[in-house]
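Shared between the two complexes below is chain A, which has chain B as its partner in the first and chain C in the second.
Here is the complex of A and B:
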């Protein structure tokens, strides 16, 4: 009897759930619609627009709106041009070089400072505030600051002259190598504090009792750092590096004010190159193609970073 | 296997003195509990033994060797933290192997010792597991094993059971005591739980406000507390205390308890001790288990609460300043409001100087 009863009930229950599921899904869609529309307009729409323009020779001087860009349709010509654009590739390489030097230096400096700031010392709060000043300076202002510092009669040369005892009148920003060094110094000055902040937060989060336990078990400072601190900070290190890699890849304002990408194209990074093509050559279809290529590169970098981060987190949780 | 000697140990933090002239010897292979309320200086003492903090004054000797200036990793001290401080990003195996690895012990030797320790502590099934999700009793064994594997001369345990729920604590206590027997190591155990100290320790050092109050076996500190603080702190419920005045009667020396009348005559050696001490205002103390209730002949008091705790029944008598507790069998047929006579077993009476709180010793101390 009871078996029959349940059998009879079962289909009803099933039909009820199958009725409510699409309804619930529809409600869910309705509730998330505003957010989805927002995402659509902020991210997807410009992306599609960019993709569209990148397949044309459209320029704002054409006298037609961007939506009429099909009139100058050239399919993949921009991309094939890009593949053989020497200036693009050298700008990309230069950007990678700056990144490969600046980010590790910023990381190591930031980590070193963060380690110093773990212990208490007199004036810690004051130094802490001072440490954060570079980050708060408007990049354009920082650019002008370093522009003046690196003048041939500027303070940097004065200090070097005093230190070495020989008069130095190096025109930093006029020679390709030194100009590159100068812009990297400016970037490191401005963004080491961010690394410091993030890494300090990570260091503070390393459980003190586990560090003490390691010490009591006979681990040296270096051993504790390698076996406890680094594994615990893995996620945050990846985040810090990802943020700086992405930001550094887009390096522009400070650099542009200091050198304008010069001398020649000696400090022309990908952003400066895009800016020049946009503002001077006004071939926006080509610009869109470059930007899309960059987006692709950055996306791969980010995906890699996120993958590593998830792996690190899984390792810790598992 | 080491004797610890704390010699005139003092610790100051700025103007605050956390520990005042501590003098203590922990014998070889002994399980010593440092017992006291929070802020009594027990953890400070422990941290100084481990080398995590430096004494402001005095010396710490391991087998007569001054440990001052010896770094904490080189003292041969195993430390079990309150929350075990297991390396959560490592497996059980890596946790156990840590101490050996950082000391540069050969891989094969490390492997052998880790397996032996895991076997000894019944951790073998967990070796490959990540340590973040283990249950507390496994964490405790792991914490002990991780310290024990480097064969420290001394084991320090900082309230390892305080994060464990009450029901499980009894199990852990037994296990810990069992482990100590097996390791035969000198152990110092910090706790604020008198029950833990009583059940596990060979000897207890009771501390309060940075001052070592009394050192003795659990029964010594329980039966003969050196002052009112120890009398209160040890035992649950603590020792009963009533204010009184020494009075001479025909039957002998007794205590005038004011409105409660007078006590039964004191035992001869207690009376003699009291006479020699030369104090008149005293605290009349006795353990709640050492009383019986009668219809007459004791101290008349009114029952206020009858508390049934399962195995025993706690009867609360009197109110405010003049209140005592009696721990009795469950078959006491009492209810609140009844007046009964509290009869204290004569040899259970402990007298304290009312002014200083210090115990008044019997003339001929009991040999235990």
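Here is the complex of A and C:
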């Protein structure tokens, strides 16, 4: 096994270059074709369609096909509407708020748990498996679980009553602030295991001999963590945070099942808002404009992030 | 790191507390699934963590064979949504795995499709809600709304990034000596891929497929938008399990939720070795 590993490492330049015989190139094209077709099918055409519809007031109830949407052409009216759409901006703000609270909490809880799981102890494998369960529960089902838990006569109030000694019958999901707390608790419950899983994988990769040497030199636990573990973990922490930020921005399933965005619009995130406009107001031209605006902003953010990453990599090489 | 007795005590207490928090929602739903209607919304002193009179009525109810205490009758049973979930998730996984595996091999070995890695990450990045308008229009145009194959196609596309990236890292890790030897023996490259590489990658293929299946099975939003009645999947059907007369059908929902939750949890634990790789697009291996 180790012989294979060293052999593989030596001719890195040779094995990195691909097979370029004409037959190989043809096969390569053939093999990547289905994926390319799917990407084009879902990316290019829909994007153009979305751009077109976003400049109209088209609605599926109009009775005309989407290609005839020009009949209700309004050039950039949807976009100017969007700029002053209070409900859109507050949904965006709420999404950011949920993200700003959930992601750091998930990160800290996940990191704390991961640190406890670094070395061996009795029951580690079993505990580890149980710990991963929440993130594998279907999100919609998790939403329903928490819907039950947060009922006014439900188990959460029951536990709180037992702990405090006074009967608590708070209707969590019917008041704005507590509903927001409830959906965040559900998100944290479901996704802390993901942070835990990724961070633990990173922590295990920290070289043990360095840690031991530092211990012998008298470095305290906190010092070792700051000077050895954190630098090694930097990339992994960024990846873990990025994944959660991206996924958290899309938050829909659990939240929609728990509160439907309510009471009122108290837990309406950007996905819920778009969904409601799509299904209830049915002004798809406007929805297309919202969607495109979000895609545009996200693309800029991603380009910026990738640019930063490339710059950092170049710096490290230089 | 530390090995003192207080630390060990602290560790076990913290971990046990975390496990309790982890299990409470799941256990509550599992217990609810076996509670008779009288215990569904018991509160205060009547609230029990374990069903007093365990019953299978909830399961019988959602499959339409018993309506003992329930005044309401279902207009349709859970059987069809379960079939819909299974069919769309299985065929979605098949589409993602076939396209993803072949593209990953094409890129890993022959350097074709250099644009795919980034394009697929971007595909994953955007909220599905933000691209659903054109998808709904296109699916309506092709007559794929409310069909299991329409759902399979979109599932295949949505999970393609995961299938591609997972298989790409597996192919990158695989030593090429065996393939090279077969080439020297005179096999065509296609034959090498079909007869040597793929059989060798069977474990990797299996874990990737399970991973992708879990993602497809977990979907709610897409099915909510692209199915209306005939082929609604479990989560969408579940939301309809309430009536104006009795309100939420807690037990019935819990029973269905349990059926929906068990397969991914079992599969996820089976492939936990590869979960990190899958979730981080292969950036991190365990």
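One rule holds for everything that comes next: the second predicted complex is superposed on the first by the 260 of 318 C-alpha atoms of A that agree within 3 Å, B and C clash if a C-alpha of one lies under 4 Å from a C-alpha of the other, contacts with A are read in each partner's own complex, and residues count from 1 in each chain.
As a convention for this text, a contact is a pair of C-beta atoms (placed from the backbone, for glycine too) under 8 Å apart; a residue touches a chain by one contact, two chains touch by 3 or more.
None of these values were measured; they are calculated from a predicted model.
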| item | value |
| --- | --- |
| Simultaneous placement of chain C and chain B on chain A, clash or fit | fit |
| Touched partner set for A:253, first chain B, second chain C, both or neither | second |
| First (chain B), second (chain C), both or neither touched by A:228 | first |
| First (chain B), second (chain C), both or neither touched by A:207 | first |
| Contacts of A:45 with chain B and chain C, given as first, second, both or neither | second |
| Contacts of A:79 with chain B and chain C, given as first, second, both or neither | neither |
| Touched partner set for A:220, first chain B, second chain C, both or neither | first |
| Of chain B and chain C, the chain that contacts the larger number of chain A residues | C |
| Smallest separation of CA atoms, chain C relative to chain B, angstrom | 11 |
| Residues of chain A that lie at the interface with chain B and also at the interface with chain C | none |
| Chain C-touching residues of chain A, taken from the complex the two chains share | 4, 8, 15, 18-20, 23-25, 27-32, 34-36, 38-39, 41-43, 45-47, 49-50, 53, 66, 112-113, 115-119, 121, 127-142, 144-146, 148-149, 151-155, 157-158, 167, 169, 189, 193-194, 197-198, 201-202, 204, 211, 221, 224, 235-236, 239-240, 243, 246, 249-250, 252-253, 256-257, 270-271, 274-275, 278-279, 284, 287-288, 290-292, 294-295, 298-299, 302 |
| Touching residues on chain B, where the partner in the complex is chain A | 50, 52, 72-74, 77-79, 81-83, 85-90, 98-99, 102-103, 130, 132, 146-147, 150 |
| Chain C - residues contacting chain A, complex | 1-3, 8, 11-12, 14-15, 18-19, 21-26, 28-29, 32, 41-44, 47, 49, 98-100, 102-103, 105-107, 109-113, 116, 119-120, 122-138, 156-157, 160, 164, 175-177, 188-190, 193, 214, 217-218, 220-221, 224-225, 234-235, 238-239, 250, 253-254, 257, 260-261, 264-265, 267-269, 272, 275-276, 279-280, 283-286 |
| Touch list for chain A against partner chain B, complex | 207, 209-210, 212-220, 223, 227-228, 231-232, 315-318 |
